[in-house]
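In the two complexes that follow, subunit A is the common piece, with subunit B as its partner first and subunit C second.
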Partner chain A sequence: MVQAAKASNLQELSVLVKGFSGKVSFIAGGTDLIIALQQGARPDLIIDISSMDDLNFIEIDAEEVCIAAATPLSKLAQHRGLAAKLPLLTQAAMQVGSVQIRNRATIGGNIASAVPGGDLLPALKCLGCRIEILRRDNTVTSHDFDEVVTGLGKTCLGNGDMITTIRIPLRFGRNRISAFGKIGRRRELTIARLNLAVLADYETDANRINDIRIVAGAIGPVPLRLRLVEKRLRGRNVNQAFVDDFLHSLIAAVDAAISGRASQAYKRIAIMGLGLDLMQNLFEKEFSCPEKPKALT
Partner chain B sequence: MKHITTPLPILDGFDKVSGRLCYAADMKIEGLLQTKLVFSTVAHANIKNIDMEEARAVPGVIEIFHHGNTPANTYNSTIWFEGQEGVEDEKMFPGLVRHVGDRVAAVVAETQQIANHAASLIKVEYDILPAIFDALTAERFCAQTTASGQDSVFDKPVNETVFDYGNTRAALDSADLVVEDTVTTPKTHHCALENHICIAKPEADGRVLILTPCQSIFAVQVVVARAIGLPASQFRVIKTPIGGSFGGKAEPVLDPLCAWFAKTLGRPVSIALNRSETFTATRTRSKAIGHIQTAVNRDGRILARKTSVLVDIGAYCTGGMFLPESMSQRLRRIYKIGNQSYRGRSFYTNTLPTGAYRGYGSPQIHAISEINLDHVAQQLGMDPVKFRMKNLVHPNDTDPVTGLDLGNARIRDCVEQGSAHFGWSKKRATRSTGGRLKRGLGMACATHINGCFPGFHEATTATLRVREDGGLDLTCALHDLGCGSNTVLAQIIAEVLDISPQRINFSRVDTDICDYDLGTRASRMTYIAGEAVRRTAERLKVQALLVASSVLNCPDTELLIKDGRVFRCSESEDAASLGELATYEITRGRSLSATETYRATANPGSYAAHFAEVEVDILSGAVKVLTYLAVHDLGRAINPQLVEGQIHGGIQMGMGFALFEDIDINIENGHMRGDRFSRYHLVNAPEMPPVEVLLVEKKEPTGPYGAKAVGEIATIPVAPAIVNAINHALDTNITELPITPERIIEALSLAHLQHNSNEQKKAGTQ
Partner chain C sequence: MNDMAQQDACISAKMLNLSVPATRASLKFQVNGVEYQHNPQATETLAQFLRDTLGLTGAKLGCGEGECGACTVLLDNQPVNSCLMLAYQAEGRQITTIEGLIKADGTLSPLQQAFVDHGAIQCGYCTPGMVMAGEGLLRKNPDPSDADIRQALAGNICRCTGFLNIIKAVKSAASTATAVAPE
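Up next, the complex of A and B:
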């Protein structure tokens, strides 16, 4: 028999979790959990955390953005302060599922589900977030993204552990620019077959990229930081040659990540489309589509 | 025209959106037991053992059914009248499973949760047999086994339909140009909002009452009777409000089981499938592989055509014996072709059985022929519209094989008006070729039938009775599948009797009440049932005027009906209401009612020409349909609003068929990948282009007020129109549907490699 309980604040929650020995699931939006339950998942206790004020807020100060785990994605997508400070996260949040899903799904749930195409994940990793976890024994631990999301549907969360807060540092160079894009089967309400987050420190006057971070999703069990691509681009001026180089190194990254997979032939071309969109988005300039021969070799 | 040719919202629309309408799943029935089916996880196997011990021990489990304790009668779930022949290969629970999703057992329990839990405890052991997952392998297997004299169900095609008129071979040999294509269409699923469900209930008189969302109560009755081995009269079937069907609920899949459970247990039983089960264990559209050769002369006349189609019908025959025939007709009813041959064969595979799905073979055969025609036009260097205009049929042309009249066939008007409205020639000439986004224009023509004539006693019987309050009761087995056919029929009756459509009450669709009817199939509702109710209403009108003439002591020729009341032609004050006349008749021991049976005498074609403009991203392979125009020859639109709705929905389905939808059977193990909406992609609202609809209303003399069908044809030309537009945009000849981004990228890469090797050859010879 599955038991259900509701917590109205973190204190109540830790009492509930501590006093329970069986398997615990948390429900906020339920967009993943309800499907899992229908498919036979059987926790012993489900704790409703959907109406906890201390798990639903966005705070912004000079140093960082702090987002509580049960904050719905629609709130992320519509938050003006967030759009001003972290447009990358806003863009990613806006592209998750549909309006209805975004109204229910939460940022913490998106991380805990750790699905390979999860749209927030590359953005969060790219932004260098720290994730705080309230452990079952009532201690709080803080982690890098990679420590938390460890594999396909795998996280470092033990039974009764819960993500409480996501902290995203705002410091990244002097002029940060960013872009997020995805390719799915459809334009909307679609699971990403590829997604890409780019964060750069761009010196406008010199037209130079001082620093850049690129993270791709859905080409591996966890979001993949494309360090080789970054290396090729750092310190360069932005022009068509730069874009061509970016696109071709994306192909190389896909080839390395999913070599021999059935989806490779498609994704190595499609990522160029995504990359080109992102470049145009980042620099608000038109770049031309690379010559086919090079892309195909 | 007061009540027809006017938009009228669906009569039960408010009840639907407000939640007042009670679907099968909403019915509260005391003591209703719930069922969980256990499905085969392997594609072909003998069931060695079913371990039910643990499941039986679960409190609340009433019974577990399987092949050992259920009738082993074989049946065909596609038949629709007593005595109809069909390949009988289905069983409630086969001892030998033929596809992943075949029925192994069923747990009936007090609650759904108990049933689900117990079902999860059942362990099945299989003796695995070799399996076939595609029609090409099936064809090879059949050739081999026929030679070696083996004998199993998969040994031969279920059906082979051929026709050959003129001298196709000679024409193909001597033509200026022969263009050849192989076109493959996917297996797609209906995706009705309401999943499959059935409720059966033992009645006090010993019969079993079946409550089911279906397309024909009489088909349910006869299939259930055959499966259980009792006379049909032992089963009473009532249609429940249906949450969409599109052919998916044309065959009773759950009903035989449900009726048997209720009968055996003496308690009401429900079987309700969830979404994935509806995908994997009901029906799908058949997959077709068509090889087609079209011969033309230089000026664009089609001289001959040769078509060969392999139809993958899945693991049970169901309607697979009709599909090749159904496809063949379409090839003869739209272009005038002097020499033509066709061979269509249905093959079994170890996959989900196929069944009816909007168009019944038409979307497949039109994809094959219309994609090929654009290829021909391209090879001729001729505009596809011009090329088609040289070959399309004219009104009252005939089917060269059956001699049947095509009726007031207005496909030429559709193409002419459509291409002008769409700005075809101009747009086609100015398509952009450079850059990442390529634009292209495509069009396709289509035809579909109106009813089952000349086959299968195409008839409908309706009874109309005037109530004492002046409203009407219509008794007829009318299966509105949610598309609004009842609304259209009410408008037709209203037009004859000048009464508000809302005052017409539709009888329950109940085998105890209604006369036999084929049900909703073959685009027959407006054309056949519409004419039947029109004639019934006309007869009732004559009767009402006769009664009025005796009441008012005045010749009926001086009377007319207006707003449900009888007037003397010369006076503006009404003389009697229809209700008063009905009451008068009752006092004289009679009833003001009329019954009429309409037997079809023709089967005219409905026609359509669709036009699409697409934009293809050559990097992501994404296709965006920019604009869409649908032009339909439907004789006359009884309800233009519902017609437009049908067409928009048809385009949504057809776009899915062209671009996204595929149940995607894994050819390694027969498992279905596209068994849920996260993997089976429907066209959703953001994908829909702006749609324009143009109607050619030139009236079909045999249809009610000139009307012909639109429900099925709305989806038929969509996929080829879009495929042709993509091929135009990319200079490709992609013929495998759905055209996913992968297939686009693959085609472009191949074209590129070919281009390169040609360049190299050129360089080498220089």
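Up next, the complex of A and C:
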């Protein structure tokens, strides 16, 4: 027997969760939960959190952006302050699903579902977000992205635990630039086959990358930070050789991440095109694509 | 009512006491400006409620997972997939379906008429969803660009007419549309 309830604020929610011993599912956008229900998932209690004002807001100060977990992606995609401060997140949010999906799906739901193609995930990891969780015992814990998203559809969330807040620091070097890109089977409304988020500290006058963070999604169960690629690029001037090196090291990263998988042959080539687009967006310059690597034998 | 909802118990009044006064046996829904009372089962979707309980079969059930857009309705003037929302989540919100666009005198809305005029309908299965996605766009942005229209309709799949006449229909209706602020 599935029961349903609605909470109108966090206080009500914690009373509701604390007093219930069975399995609890939270529903905000429902874009993942309803499909799970159709496939036979049976929580004992579903709690609707989609009309809670204290779980639906975006706040920006000098240090960080704070986003409540049940904020719909359409709000993220349309928020002007967010676009000014964190265009990476705006771009990622705009590429999720369709208008209908974005009107319902939420940032917290994207994290809690932990699907490999989740578009916000590489962006959030790249931005170094902290995730706050309201535990069933009414304590609040704060975590790095990797502590929360631990595997394919797996998170550190226990029964009755809920993501409440995502905090994203704004400090990253002096001149931060960023880009997000995605490849799917069609342009809109598609689960990403590959996505890539890049955040860099770029010294324009010296044309030099002081620092860079690169996170790839959908080449493993969780978003993957490409530290070896970052290391090769840090401190370098931006030119065609830099871009060539970036693209070749992306291929090496795909080969290392999904060696032997059926998708490897496609993804190692596709990531070059995605990487090239990203570099052109990032530096607003044209670069050429190096020769394609030889097919895998 | 499908099997999924039938297996589940009704929402217990006790569980709902926190947000709904205990005296209310069922929830209130606003659909096309009419108030309905209904006690939905926990896992009943909005699409099931509209189609099976209210008999509003304009919104179609296609894929059931948010890919095809055939079930699109407006929730407080914003397009949503009614297959991906639980009925009880819509309590107290304004739902508009294709049946709600028709004018009081029985004539079609400007957007519906534009679909007819531009031959933007073939088998018709996707049409209610397409019209509602277009209606949602025009209520928010009465003067959309072609790119805006394409983006707004990206969540709706048509497998027979192709999309050009549909885009033309939305474009022509745009000239007569006026914005409605989201509630």
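Here are some notes:
Going forward, the second predicted complex is superposed on the first by the 292 of 297 C-alpha atoms of A that agree within 3 Å, B and C clash if a C-alpha of one lies under 4 Å from a C-alpha of the other, contacts with A are read in each partner's own complex, and residues count from 1 in each chain.
Simple rule for what comes next: a residue touches a chain if its C-beta (ideal position, glycine included) is under 8 Å from a C-beta of that chain, and two chains touch if they have at least 3 such contacts.
Quantities reported herein were computed from a predicted structural model and do not represent experimental measurements.
Residue contacts after overlaying the shared chain place A:45 against subunit C, while subunit B stays out of touching range.
Between subunit B and subunit C, C contacts the larger number of subunit A residues.
When both complexes are overlaid on chain A, the residue A:37 reaches subunit C alone and has no touch with subunit B. Of the two partner chains placed around the shared chain by superposition, neither subunit B nor subunit C is touched by A:156. With both structures placed on the common chain, the touch criterion links A:66 to neither subunit B nor subunit C.
By the touch criterion defined above, A:252 reaches neither subunit B nor subunit C. By the document's definition of touching, of the two partners only subunit C reaches A:101; subunit B does not. On subunit A, the surface patch touched by subunit B in one complex and by subunit C in the other comprises residues 38, 187-189. Those residues of subunit B that touch subunit A in the shared complex are 120, 274, 435-436, 617-622, 624, 660, 678, 681, 683-684, 686-687, 740-742, 745-746, 748-749, 752-753, 756. Interface of subunit A with subunit C (complex): residues 1-8, 12, 15-16, 27, 29-31, 34-35, 37-38, 45-46, 48, 50-51, 74, 97-101, 103-104, 187-189. Per the touch definition, subunit C reaches subunit A in the complex via residues 4, 8-9, 11-12, 15-16, 18-20, 42-43, 45, 64-67, 69, 72, 75, 78-81, 83-86, 88-89, 91-92, 133, 136-137, 151-152, 154-156.
On the side of subunit A, the complex with subunit B involves touching residues 38, 40, 183, 185-191, 263, 265-266, 269-270, 272-274, 276, 288-289, 292-293, 296.
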